[in-house]
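Take a look at these structures.
Here chain A shows up in two complexes: once beside chain B, once beside chain C.
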Partner chain A sequence: MKLYKIMFFNMMVMGTIIATSSYSWFSMWMGLEINLLSIIPLMSTQKNSLSSESAIKYFVTQALASLILLMAAIMMMLINEFITPLVNYHFLMIMNSALLTKLGAAPFHFWFPEVMEGLTWLNCMIMLTWQKIAPMTLIMNNSMNPTFSTLIIISCLLTSAMMVFNQISLRKILTFSSINHIAWMISTTMMSSSSWLIYFAVYCLINMNIIMIFKMTNTFYLKQINNIINTNKTIKFSYMMNFLSLGGLPPFIGFLPKWIVINWLVNNNMYTIATTMIILTLIMLYVYMRITFSSMLLNHNEPKIIKLKINKMAINTINFMTLFSLITCTLIFNLL
Partner chain B sequence: MYPLRYILLVNRRISYVNKNLFHTSSVLHTFWERDDKGGYNTKTSVPIKERMRLGLQELKKEIELWKKEIKEDFESDPVLAFRPGETDIMWKFGTEESLQQWVVTSDSDHNEGYSKGSLTLTNTGKGLFSGELSTKVPKDGRTKRAGYCNIKTLRARKSFKRETYLDWNNYNMLVLKVRGDGRSYMVNIATRGYYDVLWNDIYHFVLWTRGGPYWQITKIPFSKFFLSSKGRIQDKQYPIPLNKITSFGISAGDKVNGPFSLEIDYVGLEFDPNHTEEFAYEMYKAPKYIVAV
Partner chain C sequence: MMKFIFMMVMMMPLSFLGGFWFNQVLWFLMTFIYLLGFSFNYLYMNVSYEYGNDLMSYILILLSFWVCSLMILASEKISSSGSWSGLFLFFILLLMWSLFMTFGSMNLFLFYIFFEFSLIPTLILILGWGYQPERLQAGVYLLFYTLLASLPMMISIFFCYSDFYSLHFFSMGFVDSLIIYVLINMVFFIKIPMFFVHLWLPKAHVEAPVAGSMILAGILLKMGGYGMMRLMVLFMGIGVKINLFFVSLSLIGGFYVSLMCMRQSDMKSLIAYSSVAHMGLVLCGVMSMNYWGLAGSLVMMVAHGLCSSGLFCLANVSYERLGSRSLYLNKGLINLMPNLSLLWFLLISSNMAAPPSLNLLGEIMLINSILGFSVYNMGFLMLISFFGAVYSLFLYSFSQHGSYYSGFYSFSMCGLREYLLLMLHWVPLNILVLMGDYLIFWL
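Take a look at the complex of A and B:
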């Protein structure tokens, strides 16, 4: 591990922590900028000419979003003479739009698949998990107009459902899956921050499982899965279970956060939005199942010659958590 | 240190620097590209009314294309199995329409040489790229070398004239069925990037032809293609980004005066599982700021 990578990684973490723990919009903006500037050297590697293109595209979009965020914060302070009541809808919408651009939520998502396509798996994992913390925390700190948030949720779900259909690149599939999950996470921000935390933690866990498998087997495209999936039974089952968990199927852990969201929405009589979210997420589940079932059913031969070096301990432990966590969590909630 | 000094100089000192050099043409001091055509502008001005009329005619075609794309997106599943021995043909010559997908250029187009080339259909329905190469340099004081002809495919486009990329990630071999005249041709795969430094990224490999009456099926793995920009082979080589292909071309420019002819049946792609090489080239670790700056 190179020294500069350790330094920039620490700065990236520090930037997010500054953004999430600050008391004013300026320090939040500062944290976001530190995070952005420290991730750029991590993204541009020497092994691929496309990674620097991705890094520049990411930098330009994120810098623009930070600019709009700062502008909205300053305008709110100027209009309200340095006291910011959370009633200023217009600038709040502008600020939330900037934060949604940072997340990659639709309709501000156009940079996301192109940037992800040029990254390594480790950088993809950072982009899909860690980079979401700061913008989502800031969205929770301000109030979002319910109509606006509903529009964003529906556009995220529709976009991800329509764009993921004919994809062959695994990174792009995970990108659109991320956009889908952002919609669910925005709905949790309407509930409470602890429900968002549960959703985010489960999403990170499942994503890390999937990306770990892809990194170990060096797969980037659907076609490569066919070759690798039958070499090792552990990989085969963990890959299948994690994708179904990502789709929100019980008895996997991925069902728990969706269950919480649907429960809250129905208790608050938001039947339309709940039904829309379920139906549009089913399309994503169809895509996951198409990926996993076709790679499992098309080729049954198990080659003995190819031996992959995999960390069995890691995969077995994490997949145990994927299988049994749902039952454990429901028991814990009942006991509490 | 020689190229580094030029990068650091400001614009107003360029004329001062040029006086001290032996170059007969202007020296590039920055990587910035002014024009995506490299200064060779072939745009003709069309009156606004004519443009509106042509645009309306195009609109119907573009809407039909858009409907087809949406239908294909929903109906077709991505192909997952690529078997060895299966060649997926990208460009096949057979009809006049197939010639519309190619553009023929030569050095005489902009008065930089005297070579001539053309792409026609033969009696048997194959494409014939033929012409005459001339390495005679025109006496204009600017041109130093001449003698090339080129055919290139049009950039991949979606509906409403949106530029897109060809995605060849599922393949690892380029397959060409050609019948040449014994001369060597250069196969070019352009991967034009988003930013100006990457506009002229083209990957090359040489196509050696037999010259006999028999057709040859040449399979070139993508791992063998080397990167160059504006004809200069780059120090830092990368494997070809197969998801960012913009166009494919063949050039005739082997510095030999005389006629050339290359008959092409098809250009296709194949996946060969036995070819596991990722990239054929590497660079030794050199001290900093000496090479590949």
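Take a look at the complex of A and C:
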């Protein structure tokens, strides 16, 4: 670990905190820029040239989005003297589009898989989890046009479901799965920020578990799953169940946020969008199943000679505690 | 109830450490302890934390315990071939736990969650211990058929909640919306399975190991029937208008499926199709919404759970010896295993509702209720009963009579474990008739 990486990591965190906790759009923009400028050095590595390519791609798109964001804020100020969420639907749409670009939501997602393809797993983890916080909270400040947000949600779901087929790169699959989850998160931003928080927290937990497994086993492509993950039963099961959890099947924690979101949607009489989201997410679940098939079949030789060092007690404990925390979560609500 | 939940939870490490047959003994112990808790009335007992058993839940949980114990008894191959028997026991425990919660919950949402939960252990049983590579396809069929219907059901459950402000089975009122009727019931139709949405069932049965087939035919199909019996009270208004369509569909479907049974060459597939026909009758009984129909459905579900599970065991006994389930190789078995032939006869005669069996009681009650629903159902009921006998006899005579296949390698005769396994299916099936009143007084 190089010293400058620690510094830039802290600056990246600071940028997000500035963006999420500020009052004015200008300082929000500033926070986003600090966040962007400090993640670029984090991405770079000396080992190959892919990372610098993705760093440049990330920089260009994010800078573009920041500029559009700034432009939208300034134009709203010029016309109305203040930023009001109620009047300027067109400017708000521009602003939201800029934020959605930063997020990687569907019609603005083209940079996302390309950037992810060149990163290490830990950088992928930052991109999939931490980098969503600032744009998401800023989107929640705006009142999004319902038609617009529905459009975004459906296009996110459709794009991720279409694109994820036939992918063999696990980083791309995780990217499209993240686009799919962005759709759910955007639907929560229409209603309540606390359900967004729960959704996002659970999504981060599951994603971190999955990425830690991939990082430990140095797995980047679908074919490599047989090499290490399938040779160890504990790792195999935590890998498999984390994906089922990500797909939102009931016994696992991934069901909790979906449950909450659907409950909210139904309470607000949004049946159509809830049904659409559920049905389209099933396609995503099929893809999760597809990449876990080789583990589910259980038939695999487990080498006795080469002892794997990856079977760490802490990782397994965290995995299984996270996976089966649906019961604890619901019990805690009872106790409160 | 907590003692059984705790026992199951505490058995989870034991399934890895304790050894196969020790676990087997514990399973039977648990079954008999549960059996001692029978309360001899139809009221809810052991109510706490939204869980409780009335007579219907009790009987189905008892059936689940019984079938799960027998599943372990049937899966001796898994223990002797060393294919992760600990993991196998663990998933059976998980499955049993979810079934316990499903049948025991008094809340629709809890019921729904555990209903979904039971999918994953089943899926892993099929994918992990199945035989052919096609088990992947079967697993995907199983999972996505159910999920496609059950996730919209979740939306309608929340809709019901916003209507009634409670999901407790007792405090729900009436729903008069066709969409909600279809959304809630469709998942049960798929699970039971109704004709048209039954395609996952033969596939899953053919690919599953014997334990998977037993639990599928024995319990998981009954979850669909159980859910409909619990929730039909919601749809008394709308049900009067449109139940007719589903009754007609499953009667005609039952007839078609019986015809399909006679063209099967795979024994497991034949038994699977026959269970589609039988569960179609159960569906009709629930849909007829009269007392005989509901009571008869429960009787039929218990009978079919024991009977088809036993038939799957028999098919597996032949499969383990002959290495094939094809009826063209499994012929003339009476020459080779005459003792087993008696058990084939007993279980198959129960399958066609011959007198001392519980199937007969169930079929009589269901025929009464379906005829009470409409006299015009008589034709297809006759056809279903007749062809039920035909395909059962077809299975018996094809597998037992005739000359045996001369290409057999040597194999051992039937062991004591297998006789025990089959008798433990057949004896309750025919003894329970004497206790038939407790099966029909649950309402």
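One rule holds for everything that comes next: the second predicted complex is superposed on the first by the 322 of 336 C-alpha atoms of A that agree within 3 Å, B and C clash if a C-alpha of one lies under 4 Å from a C-alpha of the other, contacts with A are read in each partner's own complex, and residues count from 1 in each chain.
Just so it is clear, a residue touches a chain if its C-beta (ideal position, glycine included) is under 8 Å from a C-beta of that chain, and two chains touch if they have at least 3 such contacts.
Just so it is clear, the model here is predicted, and its values are computed rather than measured.
> Look at where chain B and chain C land on chain A after superposing the complexes, then choose clash or fit.
Here the two partners, once superposed via chain A, fit next to each other without clashing.
> According to the stated criteria, A:Ile56 is in contact with first (chain B), second (chain C), both, or neither; which is it?
Touch partner of A:Ile56: chain B, not chain C.
> So in the superposed three-chain picture, is A:Pro250 touching just chain B, just chain C, both, or none of them (first/second/both/neither)?
Touch status of A:Pro250: second partner only.
> Per the contact definition in the header, classify A:Ile262: touching chain B only (first), chain C only (second), both, or neither.
Touch status of A:Ile262: second partner only.
> Check whether A:Tyr286 is in contact with chain B, with chain C, with both or with neither, and answer first, second, both or neither.
In the superposition, A:Tyr286 touches chain C alone.
> Which of the two partners, first being chain B and second being chain C, lies in contact with A:Ala274: first, second, both, or neither?
It touches chain C, and chain B stays clear.
> Treating the CA centre of chain A as the corner point, state the angle out to chain B and chain C, nearest 10°.
It works out to roughly 110 degrees.
> For the combined overlay, can you note the least CA distance between chain B and chain C, rounded to whole Å?
13
> Do chain B and chain C touch any of the same residues on chain A, and if so, which?
Residues common to the chain A contacts of chain C and of chain B are 298, listed in rising order.
> Quick one: in the complex, what on chain A touches chain C?
233, 244, 249-251, 255, 259, 262-263, 266-267, 271, 274-275, 278-279, 282, 285-286, 289, 293, 296-298
> Which part of chain A faces chain B closely enough to touch in the complex?
46-50, 53, 56-57, 117, 162, 165-169, 220-223, 226-227, 290, 294-295, 298
> Which of the residues in chain B end up touching chain A in this complex?
Touching chain A from chain B are residues 72-74, 76-78, 80-82, 167, 169-170, 193-195, 198, 201, 227, 236, 238, 241, 243-244, 271, 273.
> For chain C, which residues count as touching chain A in their complex?
83-84, 87, 98, 113-114, 116-117, 119-120, 123-124, 127-129, 135-136, 139-140, 143-144, 147-148, 151-152, 154-155, 158-159, 162
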